[in-house]
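Labels run A, B, C, D, E and F following the written order; every chain starts at residue 1.
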Amino acid sequence: MDTALVLQNLLSPAILFFFLGVFAVLLGSDLEIPAPLPKLFSLYLLLSIGFKGGVELQASGLGPDVLLTIGAALLMAVLVPLAAFALLRTQFDVFNAAALAGAYGSISAVTFITAESFLRVLQIPSDGYMVAALALMESPAIIVALLLVKLAAQDRGAAADTGWGSVLHEAFLNSSVFLLVGSLLIGLLVAQYSPSGIAKMEPFTGQLFYGALCFFLLDMGIVAAQRLADLKQAGAFLIGFSLLTPLVNASVGLGLASVLHLSQGNALLFMVLCASASYIAVPAAMRMTVPEANPSLYISSALGMTFPFNIIVGIPLYLSVIERVLPGASL
Amino acid sequence: MKRLDLLVNERELELLLKRLEQVGVPGYSVNRHVTGRGGSGTVVSEAMEFSGFGANAHVIVFCDSSLLEPLAAELKPLLKTYGGVAYVSDAKPL
Amino acid sequence: MKRLDLLVNERELELLLKRLEQVGVPGYSVNRHVTGRGGSGTVVSEAMEFSGFGANAHVIVFCDSSLLEPLAAELKPLLKTYGGVAYVSDAKPL
Amino acid sequence: MDTALVLQNLLSPAILFFFLGVFAVLLGSDLEIPAPLPKLFSLYLLLSIGFKGGVELQASGLGPDVLLTIGAALLMAVLVPLAAFALLRTQFDVFNAAALAGAYGSISAVTFITAESFLRVLQIPSDGYMVAALALMESPAIIVALLLVKLAAQDRGAAADTGWGSVLHEAFLNSSVFLLVGSLLIGLLVAQYSPSGIAKMEPFTGQLFYGALCFFLLDMGIVAAQRLADLKQAGAFLIGFSLLTPLVNASVGLGLASVLHLSQGNALLFMVLCASASYIAVPAAMRMTVPEANPSLYISSALGMTFPFNIIVGIPLYLSVIERVLPGASL
Amino acid sequence: MKRLDLLVNERELELLLKRLEQVGVPGYSVNRHVTGRGGSGTVVSEAMEFSGFGANAHVIVFCDSSLLEPLAAELKPLLKTYGGVAYVSDAKPL
Amino acid sequence: MDTALVLQNLLSPAILFFFLGVFAVLLGSDLEIPAPLPKLFSLYLLLSIGFKGGVELQASGLGPDVLLTIGAALLMAVLVPLAAFALLRTQFDVFNAAALAGAYGSISAVTFITAESFLRVLQIPSDGYMVAALALMESPAIIVALLLVKLAAQDRGAAADTGWGSVLHEAFLNSSVFLLVGSLLIGLLVAQYSPSGIAKMEPFTGQLFYGALCFFLLDMGIVAAQRLADLKQAGAFLIGFSLLTPLVNASVGLGLASVLHLSQGNALLFMVLCASASYIAVPAAMRMTVPEANPSLYISSALGMTFPFNIIVGIPLYLSVIERVLPGASL
């Protein structure tokens, strides 16, 4: 693994502020980012990444490359939860296995954003249509997880509100999916019909973006470190799962990226999408539709372990592998 | 008259309020962003409000004691499924 | 001792607290950003807090029962004009 | 009506984000901008528009044109609530008629800001002193409404705190009037005595402005759509009133603009001031001084109907009329 | 069962919750950002939350009456040192 | 005192927004910046000042000048609370005297930031390592105050949590110290190892800074004016103390600055550090470790009197003295 890349990542403001949040908890500082400020930053990041992605998607168009990449993303969003469920069932009941599978089949937008910022520092280009892949990978795993519960636990008693209507609602209309997709569509429309709007949005969605990401990662460091304590109780299997799953999924992602001849930048983003786990959209859906599952299992592993692993170790690791495996990939 | 205190996760709040209206309570007050610890030991903190977790909501209902029975019938299954607690005390208008 | 729970719109909070102080309560606690639904059916939501509407405030007063009568005299006209509810329960210091 | 203008407006980021908020409610998404974030954005917008208006007002000075325009604005702020009251009394009691009249006599700063952004996209100039007109049009209608109540309902019982002191207090010191006027004066002072401060404020009050407006309009879309439901119960008369009043007031405004030889940009802003209704300053005042009125009437019609009508249909409509009627108006 | 209402400054909340857990309450709910006025006349307002002052927290505990004595033993010294009030009322599960 | 300097300061946006907040309270406007927005701005200001200070500290290095300045800062942070305690004991009990001494021995970051902005308007350079002095002056007074209590009130009863562990914890890990020092270290590391991160942070930590300061000072004006009422009850001695202490401490600071041959800009910042009093870190610590002290004494004098005095009168006054006393000081 390329030490220069690792250091470049570790010593970027984004990761250092994440560590600052982690240390605040470990050292017992009373530093906190009071609610609803973290929500402000997460709404802002989703709105900005969506808008910018839409603008770039309009520029790149929906050619066969784009559609193939998106198809591969959807494939992973269905396969990963199925495979994860099979593995998790060896240790957990149907409900917890399905909820965890849903989290790991879906994605983390902040991990994606951190990877994109990393690429930008290294001046490695990537394409705006990867944001469309991001948006489309959020929901399928939620549906797969619910399907698994319905199939595997047919006698669960009709306690929760688990009709298909409400499942699809949770999958496609939960706030983070809705805001991301909506902003993407707005970016598309503005780029097509009202391009002067792009420049007017730029200081807000563009220039401010990296600083706001750092501020949010400071908070993410705090909550990830708080969750780490929970995770200890969850046991060795789940800790191993939350560290190995990103590696396995990233490898499969790399294979697909290689088959699809993705550029190095797009390949990294694709691997990160496969490797990351959801701690916003999926928990929100699972808590309503699979209340039998223990939320501290799925949120603590996704947020306390997989998220830090990906942004600290994963991103530079995946890129250094890409540089070896896809050296001739079109930049 | 009675005072009913309900503590549930914010995600279930909509469902709960709908049931309250069905039973026909004269009104209710909701205090969101409540944190706490429950029977299962799970700690709810404001720090997770940005995520899909949300915090708790504290719902207060002042109502006639005759409503307690239908309220129990409507709310207990909800509390059993999603967690949360409900307590009753005496109260009278000032 | 008694516990008095008041639910009024935030806009009237200042007026209400002034009356409480006039009556001479030993203290009070205020919880703002409360939402709810009242007798008139009007729904109060956090979404309107940015506007001139505000949300509700929940005021809790622990006081001697002898204060209830003067409190009722001071507060009832206010509640009648601006809306809001007031309920009393028993309480004693820990 | 000029389709290009309509599309230009409809497909601007500002209006698209407004629609995104509306759709969030209509589709039942759980997207919300939690309190007090909307307040942050509304404070920010008032502070910025005030400051920039003050800076430009100092540049333009208080010539006869400026004073005449401001005089016309004040005239409208008194006439509109009187006329509206006469009409509304046919359907509502004194209290509701007066509160509604107050809302429609006053203005909506966000509608003004949206119109100004629209002008900027089209590169049609407008003058900073229009912000002074905006500031001065907020309060008079509050006083007129209270006067009407005092005259028409002399036996109301002294429940509410309705002495003149508290009425003037509500009219001139409520937070939005105070912040707008205060920031305007600060802008004036800074431009006069400490002009280096202008450049230091620019990234905050200038560059960020449009993005922050879009974020706020996302929230306004959510609350407007929530209010729409209330409005259905209010009946056909009020819905008609909330759509026709802006058109009538804008027409009168156009007449005055034409008499005063306002430039096209200023004429649009003037029409928008006449056409818009207050959902911040006036409800805040009415709820204290006319508690007998039903708030969901005046806030739902101003926020759920007149506001969306103005920013979606009104602004491009008024401008296309201006382009026909005031073609020779000095740019 | 009993309902215990505690009002303390947010800065002491951690200490208080630790004591509650030591006594073994079945759960608790915390409402932060509460303002008020106490015996000393000091006004607590949200405006000072950015500073080292913080606001108050309102902690509600529903528990068996047998826990009241150990709770009093643990909490009273804390309340004496840092201020705050504690009141008990009757409550029963819905 | 140089009238031009005074006017330059009084008519800067920062001070004018502070006054706007003061007037809001005095006139009884309902303007408020609802929690936790003030916290957002204070976290942002600390993060930004720390980060930028770290970047500049890396550039200047830790030469003997820097170390001497920091040593002088630490000296003041120990001497000031000792001297203040001796004086305050003539009027207050041990607890209140120690808490007040702690507040005045520590510093106010916002006063520092306001002074720095003032220098920037006048284009007087100052060095980034002054932020290190700022960071290091926050904590010592907390420890001194606690030592004084332990020595002077040995029989206080073990009510509060006042072991050394918790005292050091309050002194070095309280959120404002932690965020400032952490951001400073991040700035250092980024400047050294990942300098491309500086430019990416700039729009957030740099361009936005002055506007955000103005917004925060609007809130500070509100809370300072609210505190003023409390202070009246505290009596003439404390009012005198809160006005004279900054002058005395600034004079001692000027002496040290002159001995150390600080540049004019650094000398002003040093004087401001000596003259300012803490209303964030110290009250947070005192309320836990000296609960016997009356918080409204120390927070009202630091926030309601000393803070406004320093930013309105102090900063231009100190600079005009510097211009006379240190005329040949290296710019």
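Assume contacts are C-beta pairs under 8 Å (C-beta built on N, C-alpha and C of every residue); 3 or more make two chains touch, one makes a residue touch a chain.
Remember, predicted model here, so these are calculated numbers, not experimental data.
Q: Averaging each chain's C-alpha atoms to get its centre, pick out the one most distant from chain C.
A: It is A.
Q: Hey, which chain ends up farthest from chain D, C-alpha centres compared?
A: With centres defined by C-alpha atoms, farthest from chain D sits E.
Q: Counting only Cα atoms for the centres, state how far chain C is from chain F in Å.
A: One centre to the other, that is 39 Å.
Q: Which whole number of Å gives the spacing of the CA centres of chain E and chain F?
A: Chain centroid spacing, chain E to chain F, equals 33 Å.
Q: When the C-alpha atoms of chain B and chain C are each averaged to a single point, how far apart are the two points in Å?
A: Distance between chain centres, rounded to whole Å: 20 Å.
Q: In chain F, what residues contact two or more other chains?
A: As it turns out, chain F has residues touching two or more other chains at 32, 34-36, 39-40, 174, 203, 207-208, 284.
Q: Give the residues of chain E touching no fewer than two other chains, as numbers and ranges.
A: If we look for residues of chain E contacting two or more partner chains, we find 31, 33, 46, 49, 89-90.
Q: If I apply the definition of touch given earlier, which pairs of chains qualify?
A: Every pair of chains meeting the touch criterion: A-B, A-D, A-F, B-C, B-E, C-D, C-E, D-F, E-F.
Q: Please name which positions on chain D make contact with chain C in the complex.
A: That would be residues 32, 34-36, 38-39, 41-42, 159-161, 174, 219, 222-223, 226, 279-288, 291, 295-296, 299, 303 of chain D.
Q: Per the contact definition, I'd like the list of chain B residues that touch chain E in the complex.
A: The contact residues of chain B facing chain E are 4-5, 7, 31, 33-39, 46, 56, 58, 68, 71-72, 75-76, 85-90.
Q: Where on chain D does chain A make contact in their complex?
A: 7-8, 11-13, 16-17, 20, 23-24, 27-37, 40, 117, 120-121, 203, 207-208, 210-212, 214-215, 218
Q: Would you tell me which residues of chain E are touching chain B in their complex?
A: It is residues 1, 3, 17, 21, 26-33, 60, 62, 89-94 of chain E that touch chain B.
Q: Of all residues in chain A, which touch chain D in the complex?
A: Going through chain A, the ones touching chain D are 35-36, 39-40, 43-44, 47, 51, 169, 173-175, 178-179, 182-183, 186, 189-190, 192-194, 196-197, 200-201, 203-205, 207-208, 284.
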